[in-house]
Each structure stands twice: as structure tokens, then as C-alpha cells.
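Note that the chains are named A, B, C and D in the order they appear, and that numbering of residues resets to 1 at the start of each chain.
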């Protein structure tokens, strides 16, 4: 179990470090912002996105306090990158406005989390989930 | 790190290493076993002693054991060797969908050369019945190749019942016993298998050495696949790897003495582990048929396979067979049992062995429960 | 017992054994190198390091090295693999009469499958000239397979000159370098060989492990001969024998550092031994061509072969190649050089290596002189 | 170099013991009765025999003192068994009469030296050499 042989025992599968440390936190003691808000929590907007074959799904809940995000929850079914994407977006969204959220794109996610080419769709899921959330929110605000 | 991957490979037993040492140090058994001088004769004698040890565990004669580089080679030699000897064109082979890759790929290769192959589908319990095999026979069937114990689910086929039925019908039977030797009772004096493959590294011996049993009476005839100096009765050329062979002999000798008790102990550990997982709902044990003691294959609903494996990075377990897990494809064995891609991918093979302790088993089960629960708690598809 | 049979096999260097140990003991590199977990990754990394070491000695890229069970398998894979890939029927192969049995038997097998093979006869000096090879080429020639260094007489072929000539003509060249690696300078960056076989146990590494170099640019294409899980870029399936591979890597690394000086020292010992035999008249050194440093093959007039060997039972020397000496037939290599049966049979191969001392060489030469004189003194055919 | 592994270091090629000990003596310090008598030694009779392809040859010289053998010499070109045969006959012949010598046959040689089936022709060479010797001797005695 030495690094001598090129294997980092703390990250044996050799995921990009930002992905791995997020994932580890999520499946470790401190799964911050994982889960869902209690049903009926006021100000919550929700968005969901998946891969075409629906093999992975990312679900995002943002609780708005006025125009800004006060708290966030995510759930993910997918590879560690998809979990990292959900976790990162949840943290990042805090204190941001809807227009700031709208600016988030997959490229940015890939950069921040060092998501490799063959995992690009995990990042896209993040962008799509935010977009879906914002669309539903603007829909419901126009409706009321 | 808890090692629960004994079906992928076993650590070398320290006693085996000790037996190998004389063949690895100066003034020992380092000469070429084919050389006609005293050190060569000594090496040869050590090889022959090991051959007898391997034979003994299987209930075979020493002269029926051909050393190879492993079960992959043994399987290649047996299947291609028989078909080449019999003439390839039109020949028919019966095997199963859940054989090891080295059997399947060999069969696929033979199909490109004109052979016909029937790949039997296992029942939901993971076993191929003798009746299925008999039903598949045609007048052209040259060979049935079936594994004794499956490497992914541990299920054993009823070779004891199948072998005499094939003998009666004059059809050759090759058995891949890489996972079986030392773990279940094999007695080739009683079970009329014609060809049988074994590997040392599944039995606490060194990697890179195996054997093919080739029955003498009645003689199983096959064409050699490695041409050369005519070692191993002309069936497998190449300088004999004395230390490897001696190690395999020692490993098989230990199993002959301790295998039965060990199998009981390991089966108990496996059940203890399975009990330990009962805190989880919606998990499925794959392969309900009679099984070898060492493998437990479990599918976990509601978690994604890659994250499941990543979350258990401190356990050395396998998803599917080691050979195919690099290619991230869901196990063809589990799919043949009827699991969908999703669930097949969210499955783990836990395999237990000589050095597994109850403490390790308990810690591992606890860890699996915890991580599956955590992944489920953050899963968008679990309620 | 004085060991002068380094061409049959070399003892394992203690430093190689030391390098292998982590792959042979608990908590080391014992996992399956194909397994997707930390111990598996560590084993894999050790394998890759060894691959780079093997490549380095040959002037190759790591990705051009395919591990096999030895040079016998490498030769089988190269020759059958190329011919299978190209299509067997009508294909033509050029090789020589004094190749190792595993090349000759493979070629003879291919002849039964429809290939045509030309077996070149060496000159009296034991070498095959590039011109001979070029003369033998036909438009159907798919492969030239020629050894770099002959195992019985030590003579080296001029592969450096031959390789570019074949490259120009678009003919693939396979070289059996089992006796050459580490003993003569091999630089595959400069010498455009397409396929090259090596074995660890001729180079102070473990028996039962070897490699085939398969050039990437331009790519040498061949069909795998061992089907299975797709290890080794699909060219050679079977669980990787980590300890064996690590040992081969360490052995080749040592040769990279020490091989040149060692070759000089060994050549000097060989000449010292030859000088030591000069008290005998009517003896003949077989193979006068440029040679690798380690082999001296001598024919003794007036003594019968079996009695000669029996009278030197305290020397580990070889008559002909180890593979064929069990069959007591006079060496086909010496016969190809023009020796008659009688003299071929009364020949000994002395081969020297890393652990040979001047004292051993002197004692052995003295002993040979004495015994040959005694046998001659009681010979009914010596005056 | 232990007998444990089934190899007797003193006889690694595993020749029958009577053959091996004779051979060893012949190629060791004490090559008794090997060679030829000095040319012109009186009373010497000679016989020679070989295998069909002449790959091995056995040559026997017996020096008679009256009717009995006083001394003997042999030379052999052949395998260790053939050398053992020559050596054994030379020793055995001492003190014997021509008629006793005539009684020696291959079966006897094979028994005494434990010569295996595939070496039977070595024993035959011994019988033939004695016969040739006696034939030449009786021929020369009739001539004188």
C-alpha cells in the first residue's frame, strides 16, 4: 500500500482529485446537502436531469429566500463524478441569484471538478438540472 | 484493506513459498529439468514429485498431468487441441454462456474456423443441468466443455452426474476446474471426466502455472498447441518452470490435507457475511444453486455500480470477473442469469479464503451496509 | 559439481529473487493485476514497471512488450500469429536448419497446414548470411524467422545487417533472441526487427516467463494464440504472473547495467577454458563465426559420446541442447554444420555465466583433458 | 545434491550399479587391465568384436601361460556398459582355461553386470570378442 508503486491508497481508482474529495465527503460521515428538503418547505425549487438512457439521474432542490438561494439539496444516482457535480452545485449555489445560477454551464463544471472527456455527460447533467430548475421556477412564478 | 477477492487470485501460502525456495536459490533445484546431468536430474525429480502431488488431489495418475502456464492455457489446449485432433470443420462443441472468458473466446475463435458451438443458458439458479447438455448433443458433437464451479457466482455444475452420461454416449468432456480444485471434492477415478483444467494461483500456489489433466484410459487425444522440444509428453513444449511446478505441487498437497476442513470454515464465513448484510433490504444473492464455498455474489438495488465500488475502496472485492471489470461492462454471467444491466452493474462478488477471519467478515459486512445505505440516501432513484 | 550449462538455464540472481519477494509474501503484490481495486492496481503498476525494464534493455517501448510463458511461447506466437493473420495457405516462411526446436517444430506444424518453409543450411562457421536469406525470398514470403544467437554453438547471425534489407523489401522479420538478450547488444531502435522473442531464465531471471516484442511502428500484426480475457493488449490472455514478470524486469534491468562488462568477462573465461583444452589433440571447436560470449562447443575425436558424458558426471555440461539430449540423438545443429554422427555425438557444449569463476574454468578444463585422455587410452579406436 | 530428490550423486545417470562401478574404476585412477600388451609379448591371443554399424568396438587380449590365462587387456570404444563388459571379462578370465572361456555367453554377462535390454548388444560384443579370440587362437595353434 505504498505510493511507490504509483497507486495512491487514498484514491486508488485515480479519480481527479476534486471529484474524489467531493465524493468521499458525500459517502463519508459528512454528506452535506445530500437528500431532500422536508415536503412543503417554502421557497423550494426543484430540477431534475438524467442521461439519455436514464442510467444516471441528478436531482437538485434550491430553497430561495427572496431572490437568493438560502439552502440547497441534491441527490444523484450515477458515478462518483455525477455525485460530485450535485454536491458542488449545491454548495456553490448558496447566496446566488437566479441569473447567476443561469450562467452555470457544463464547461465550467468540467473545469472546476476536472471532469474528463469521457465523463462529460455528468457535467451536462449538472447544467441541465439547473436549467430545469430555473425553468420550472420561472414557470411557477409566472403562474402565481 | 480487507481482501475478499480469493476467486480472482489467492495469496501464496507461506508454506508453498518455503517449498519453492530450493528452486530459487543457489545450489538448489535451479538447473533445467530437461538437462542430462545431476542438477538437471534433481530438478526433474522435483518436478515429478509435484506432478504426483497435483495428480493426488484430483484422483489422477501423475502421467495424466500436463503442466501449463495456467488454466487459460489449459482451457485453450483442451478445447483447441481436441478439435484440431478431430478435425475442425463441422465439429460441434457444447458449452455454456457463463464459462470463463478464456473458454468463450476460444470457442468463438473456433467458430471462425468452421466449428459450431452451442452456448447453453443457465437456469435462474446459475447451473447447467446434465439434461440440458444431453439435449444439445448432435452426432457431430466432438466435445462438451463445462466449468465445475463458476468464478463469478460460485455455483457448481453437477459434473458427477453429467460425466458418466457423456461417457456412455462417447462424447468427450472437458471441465474447467480452476475455481473447483481444492474447494470441492474432485475424484477423477470416480468421475469420468476426460480433460480437466486447474490453476495454481486459485489454490494458494503461484501465478503463471497450471495443469491440464488428460485421461489415459480411455485416452483423451488432442493436438499440442505449443510446439517445441517435446516436453510434457509432447503435449506442451517449453522449459519447465521448476519453482512454479514445485509450488503448485506443494499447494495441492496442502489442499489434499486441509481442503475439506477449510471449505467448511470458508462456507461458514460466507454465510456469516451474508447474515451481516441482512440489515439491507432489496439485495439479491446471485446463483442459488449448490455452490463452492468461497463465492458470494450480491446485487444491490438503488445504487449505481461504479459509485458502489468507489465507496468501498477499502475492500478488495470484485465486480464481475477481474478480467472484464476493466471494461466496465456489466457481467455477462449475471445477465445470463436474467439480471438487467442496471442491477448486474450494481453487484459485487465477495470471495473468501484461507486467510479470511471472522473479524474481517464482520467489518466488511458492516462497511457494505453503511455505504449502501449512504449511497441510497443520496440516490435520486431510491425512496 | 561445476555448472557450465548457462545456455540451458541460468541460476536466478539473488537480487532478482529479492525483487520478486514482495510479490510472493503476504500484504505485498499478490493481488490479480487485472483486478480493479487498490491491491490489484499496485500489482498492475509493478507489472508495468517490469515491462518498461524489459523494453529498456532491448531499446523498445513498453507498449511493444507482450509477456508470455517463455521464449517457446513467444516463438510459437510470433510465427503462428503472423501466418494466421496473413492467411496460411501458400504463405512462405524462411528459417534455418539450426533454429531451436520450438521454431522448427512450429514451422513443421505450419507445413502440415499448407505453408511452405525454407530451411537454410548454415555455413561451416555456423552462421546464416543475409545474402542467403535474400536469395530464399519469394513473392509469397510472409516471414523470416532467424535466431540471433544459436543455443548450441553460440554463433550469432548478422541481424543488424539483415533487418534493414528485409524492411526495404517489406518482409517481416522475427528473431529468436533467447540466447542473445543481455549477452550481445540489442537495440531495436536501430535494428528494424519486427518481432523478437526473449526468455527470463536465460538471463538470470525466473523460468516460465518470457516476452515477445511486437513492433508498433510499423505495426507488426499477428493473431493471438492464447484466447481469453484479453490481457496483454489482447495478444496473450491469462492471469499475469506478477512475481515472474517482476523478476524478469529486475533481471533485464541488471543486464542493462552490467551486461556489457559481464559479456567481456565471460568471453575471457571461455577463451581461458579453450586454452585449457589445448593439451588435447584432435579436438574441434564448433562454429567459428562471430559469437555470443557464453558458449563453447567442442567435438572430441576418439571418444564415444555417452562414455564421455558419463566420465564427466561431476561437470554440468550439455551435449547438444537440453531439449534433445534426452533422446540421445546426435545434435541436428552439429550435423547441419557437417559433423558426422559419431563426432557430433562426442561433442560437449560448455557454457559460462555470471557465477563462473576462473578457478572453476581451470578445474573443468583439467578434468576434461584428463578424462578424454583416459577414455582414449582405453579406446579400441584410438592410436 | 541430496538423495532426497531421488538422484544418487555418485551415479547420477542411474546406470546399474555393477556397470557404473566398473566404468568408474576404468575412467578413474585405476584403469586396471585397460590397454594393450607390448607388441611381441609371447602367448597373447587377441579378439575383436563390434556392433553392426561399428559404432562400438571391444578388443580383448589374453596372455596365456600354458593352458591358462595369466593376464588380460581390453580396450573399448562404446558406452559405459561396453567398457564394463571389457573390464569384467579381463578380470574374470585370469586363471581360466580356453574351454572355460568358451562357456561365457551374453546372458551371463547381462546377469552379472545387470545390463538392461536396450544395451543387450554390449553383452553380445563381449561374447563375440571372446569367441573371436578363441577362434583365432585355435587357428594359430593348428597352424604351428
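One rule holds in what follows: a contact is a pair of C-beta atoms (placed from the backbone, for glycine too) under 8 Å apart; a residue touches a chain by one contact, two chains touch by 3 or more.
What you see is a predicted model; the values in this text were computed from it and never measured.
Novice: Spelling it out: a chain qualifies if it touches chain C and also touches chain D; which chains qualify?
Specialist: B
Novice: Could you state the distance in Å from the CA-based centre of chain A to that of chain B?
Specialist: Going by mean C-alpha positions, chain A sits 43 Å from chain B.
Novice: Please compute the C-alpha centroid of chain A, do the same for chain C, then give the distance between them in whole Å.
Specialist: One centre to the other, that is 59 Å.
Novice: Between chain B and chain C, what distance separates the C-alpha centroids? Give it in angstrom.
Specialist: 33
Novice: In whole angstrom, what separates the CA-based centres of chain A and chain D?
Specialist: Distance between chain centres, rounded to whole Å: 97 Å.
Novice: By the touch rule stated above, which residues of chain B touch at least two different other chains?
Specialist: 1, 36-39, 309, 313
Novice: Where in chain D do residues touch two or more of the other chains?
Specialist: In chain D, 1, 9, 12-13 touch at least two other chains.
Novice: Can the chain contact pattern be summarised as a line, a ring, a star, a complete graph, or none of these (other)?
Specialist: other
Novice: Name the touching chain pairs, please: which are they?
Specialist: A-B, A-C, B-C, B-D, C-D
Novice: Could you pull out which chain D residues touch chain B in their complex?
Specialist: The touching residues are 1-2, 5-7, 9, 12-14.
Novice: Help me check something: in the complex, which residues belonging to chain C touch chain A?
Specialist: These residues of chain C touch chain A: 27, 29, 36-39, 41-42, 45-46, 48-49.
Novice: Contact residues on chain B for chain A in the complex?
Specialist: Result: residues 1, 302-304, 306-307, 309-311, 313, 342, 371, 374-375, 377-382 of chain B touch chain A.
Novice: Would you tell me which residues of chain A are touching chain B in their complex?
Specialist: 1, 9, 11-13, 15, 23, 26-27, 31, 34-35, 48, 55-59, 74-80, 83, 86
Novice: Can you list the chain B residues touching chain C in their complex?
Specialist: 1, 3, 5, 8-9, 11-12, 14, 17, 20, 24-26, 30-32, 34-40, 69-70, 72-73, 75-76, 100-102, 105-106, 108-109, 199, 201, 206-209, 225-231, 237-244, 309, 313, 315-319, 321-326, 355
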